[in-house]
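There are two complexes below, and they share chain A, which is joined by chain B in the first and by chain C in the second.
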Partner chain A sequence: MNAPRPPTEQEKFGRHRPLTDRDAHEINRVEELSYDLKIHEIIAAEVVAIAPDAPLSDALDLLRLHRISGLPVVDEENLVGIISVEDILRALQNGEIHLPVKNYMSADPVSVRASDSIVEAIKIFTETGLGRLPVLNENKRLIGIITKGDITRGILRAVQHDYQEEEVRRYRASHLFEDIVSDRTTLVLRYAIQAGDFTHGGNASANIKRALLRLGANPQLARRCGIAAYEAEMNLIIHTAKGGVLKLEVESNEIVISAADDGPGIEDIQKVLQPGYSTASDQIRAMGFGAGMGLVNIQRTVDAMELKSAPGKGSKLIMRIAMSADDKKGAL
Partner chain B sequence: MNLQHVIDALQLSVLTEARDFSAISPSGGYASDLLSCVMAGTKKGALWITLQAHMNIVAVAALTEVAAIVITENAQPESAVIAKADEQNVILLSTPKTSYEICGALWEIGFR
Partner chain C sequence: MNLRDVIAISKGEILTPQLSADAEIFSGCCADLMSDVLAYSRPQAVLLTGLINPQVVRTAQVADVRAIVFAHDKQPPPETLAIAVQENIFLIRSPMSMYELSGKLYAAGLRSCDADERA
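Right after this comes the complex of A and B.
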């Protein structure tokens, strides 16, 4: 006795299997393209057609010659039908291959308009199971045929185009410094950091790291800058009265990250530079901050660090990271 | 040993989106609840064991490029934390065990 067969995906979930978020992301772009792309953009420029009074044997010759599986039937520029390999097979079975095309064609075929989005064609393909659809222009004249293969190719071409555009954007970013000529070119990124905003803590640093990677910095350099920026960002969130500004300056041979605030300032700079020294509250320590390691980490990560502060006024932390030739594969 | 083996062996629950964990090979481990220590101490590609579950662990994990965060003692991150982790490609794993037990188990299965 046969063990019961496990249900296939289609049986279990219907025609559409459940989408994961990642699928949804991929499909959204393809779906978007199926609305963006118009039928006339993806169909072949030439169309092979046959007259209704031509013998079926001529239709067969045309299908063979062009290696296609169906032909539109056109009478004085008007679409009157479609003849497919299956129709011709029926004629052959009946020994009627000498009869005119009109005897075996499907009359009044479903058609689409050239200006429609390809999603219209996809819908008809799905609903009817047809393999090809005639495409008409605004004057109802036949201008081509669309097949499922045309749709696949059209979408692949558009996706490829997207990909190339992204490559170009990345190339432009990574050659920024070569393309812009000046005596001294500096790229400055500024981030306003709110005091106590733990929810967004680390966002600015993540953006800094991403920007550096996009500019073509090597991953090790981007990681070092990300870590230094994170510690400085968290200091602004934890220890300032009103937050401050985190700034990244990219120059041709070094990166300068600075964090500036207007209070409350640091009483004893020597003390805050000691590993483990912390003024953080118990609540902040419970979140895993306030280890007294932030500035120590920064010092270890960057090439030079400078901390200036006036109690009651504010602090400024400046971090410098030198760039070797190896660090700057792209713009940097 | 890949991350799928670790998840199976330690019976970890996956909080973030499913993906091909067998393609990820953690390089080792690091345990701390102090974020600055993690910044300084963890290696890229390691497993980070912590009982912190708030938003900032995602930023730390993304910046240090750890393979995954193992959140111990059933500390439950808020849904916003999980969403942020998915956005930043950070894997969150969860266990009722303590950090001590997880470190021991990782050591047992060969992460030294």
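Right after this comes the complex of A and C.
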């Protein structure tokens, strides 16, 4: 005569609370990875299983041998249950280790699909407190087991991979000047800037700053170049008839940023260099620009600035930033 | 000062929950003029502003500003939020005015961005 057994792990916790919108909101890189990574990418290739009629002592031997804490129970390729260390401990307590696995397993276990994102498994783990979940393929056949440990290892591997990729990119870029031998190597980046394109305003400067960081420039130098380029880029957007070209030239000892346009040109160069002189519209001022400080700012930021203009023809602004040995963290 | 302190002091609402709030903020800067942000801000600063257009975030990114607090509960448009998430710039919305925000943060020990230059 069997006393009614206490509920198994699976029965006790079951599956409940769905993920709310609020939960879904709290996403960072690791969480992003939990959506990107699929369950089949992180689980072990081999799965150890046991038959429902096998004795519990065999299950215990398998757990010991493979140093795992739970086993799927499979009957003719169909998943019928799961047996965990906890279940076996209960059997031991009751002196029933000789009974078949099916007497102590959790039947109809909660499972996940191999093609699911690992976030599905994370959700079930947090909702239920379960320790392991069987993984089924599209034909409902068992192909593995996923544990919290698999998830941690999978995410750590992916994060490390991300990090290495950026390192490799940075390494490759920073050796550009060493790897290519010439009497004078210059790297030129050109960006076409559209007049009035506030939506993309600053994108070119952001890319310039990023490129310099990848080339191994120190953050202060990249920041100075970003600031000068940004003011110049906004000037092209605000003040030109048809936009212009923003150009970055990186040489071994100097960075030259230039902004060139073909109109309308500047009547009085001395006037535009005065702090606070501006011809910008109220609409532009409402966006936080056009207060007549752009060129003043550039002058403060760079080592040398030159502004040339012919009314009716166009303007060219050249900004030079010298590089000390200190600035060249990488090869730059 | 930690970014979490800035959020608490400004009674702010986090607009970029995707980003980590674990960051050290070294100084504060208050501006509605983008050239002033570029001229006077310092890396790892928090910017207090009344402007909500995407250029605010672009400016912050170029100037290495770490976080932005929008005063008077102004809600920035989706484009502003999108660039911020992409460039890892933390956005906060506060019911306070820029004056009150500056005062509270300064009183809590956050110094001004350009304090070194005048010292």
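Rule of thumb we're sticking to: the second predicted complex is superposed on the first by the 166 of 332 C-alpha atoms of A that agree within 3 Å, B and C clash if a C-alpha of one lies under 4 Å from a C-alpha of the other, contacts with A are read in each partner's own complex, and residues count from 1 in each chain.
To be clear about the criterion, a residue touches a chain if its C-beta (ideal position, glycine included) is under 8 Å from a C-beta of that chain, and two chains touch if they have at least 3 such contacts.
Being a predicted model, the structure only gives us computed values, none of them experimental.
Q: Give one word, clash or fit, describing how chain B and chain C relate on chain A after superposing.
A: When both complexes are placed onto chain A, chain B and chain C end up clashing with one another.
Q: After superposition on the shared chain, which partner residues are touched by A:Q270: those of chain B (first), chain C (second), both, or neither?
A: neither
Q: Looking at the overlay, what does A:Q93 touch: chain B (first), chain C (second), both, or neither?
A: neither
Q: Give one of first, second, both or neither to describe whether A:G294 is in contact with chain B, with chain C, with both, or with none.
A: both
Q: Which of the two partners, first being chain B and second being chain C, lies in contact with A:S182: first, second, both, or neither?
A: neither
Q: Mind working out whether A:N139 is in touch with chain B, chain C, both or neither, as first, second, both or neither?
A: In the superposition, A:N139 touches no partner, neither chain B nor chain C.
Q: Touch test for A:Q283: chain B only (first), chain C only (second), both, or neither?
A: Neither: A:Q283 stays clear of chain B and chain C.
Q: Does the superposition put A:S324 against chain B (first), chain C (second), both, or neither?
A: So A:S324 meets neither chain B nor chain C here.
Q: Enumerate the residues of chain A that count as touching chain B in its complex and touching chain C in the other.
A: 198-199, 201-203, 205-206, 209, 223, 226-227, 230-231, 234, 287-289, 291, 293-294, 296-297, 300
Q: So in the complex, the part of chain A that touches chain C is made up of which residues?
A: 25-28, 198-199, 201-203, 205-206, 209, 219-220, 223, 226-227, 229-231, 234, 287-289, 291, 293-294, 296-297, 300-301
Q: What part of chain A is in contact with chain B in the complex they form?
A: On the chain A side, the touching residues are 20-22, 198-199, 201-203, 205-206, 209, 223, 226-227, 230-231, 234, 287-289, 291-294, 296-297, 300.
Q: Of all residues in chain B, which touch chain A in the complex?
A: It comes out as residues 17-19, 33-37, 39-40, 44, 50, 52, 54-60, 62-65, 80, 86, 88.
Q: Help me check something: in the complex, which residues belonging to chain C touch chain A?
A: Result: residues 17-20, 31-36, 38-39, 43, 49, 51, 53-56, 58-59, 61-64, 79, 87 of chain C touch chain A.
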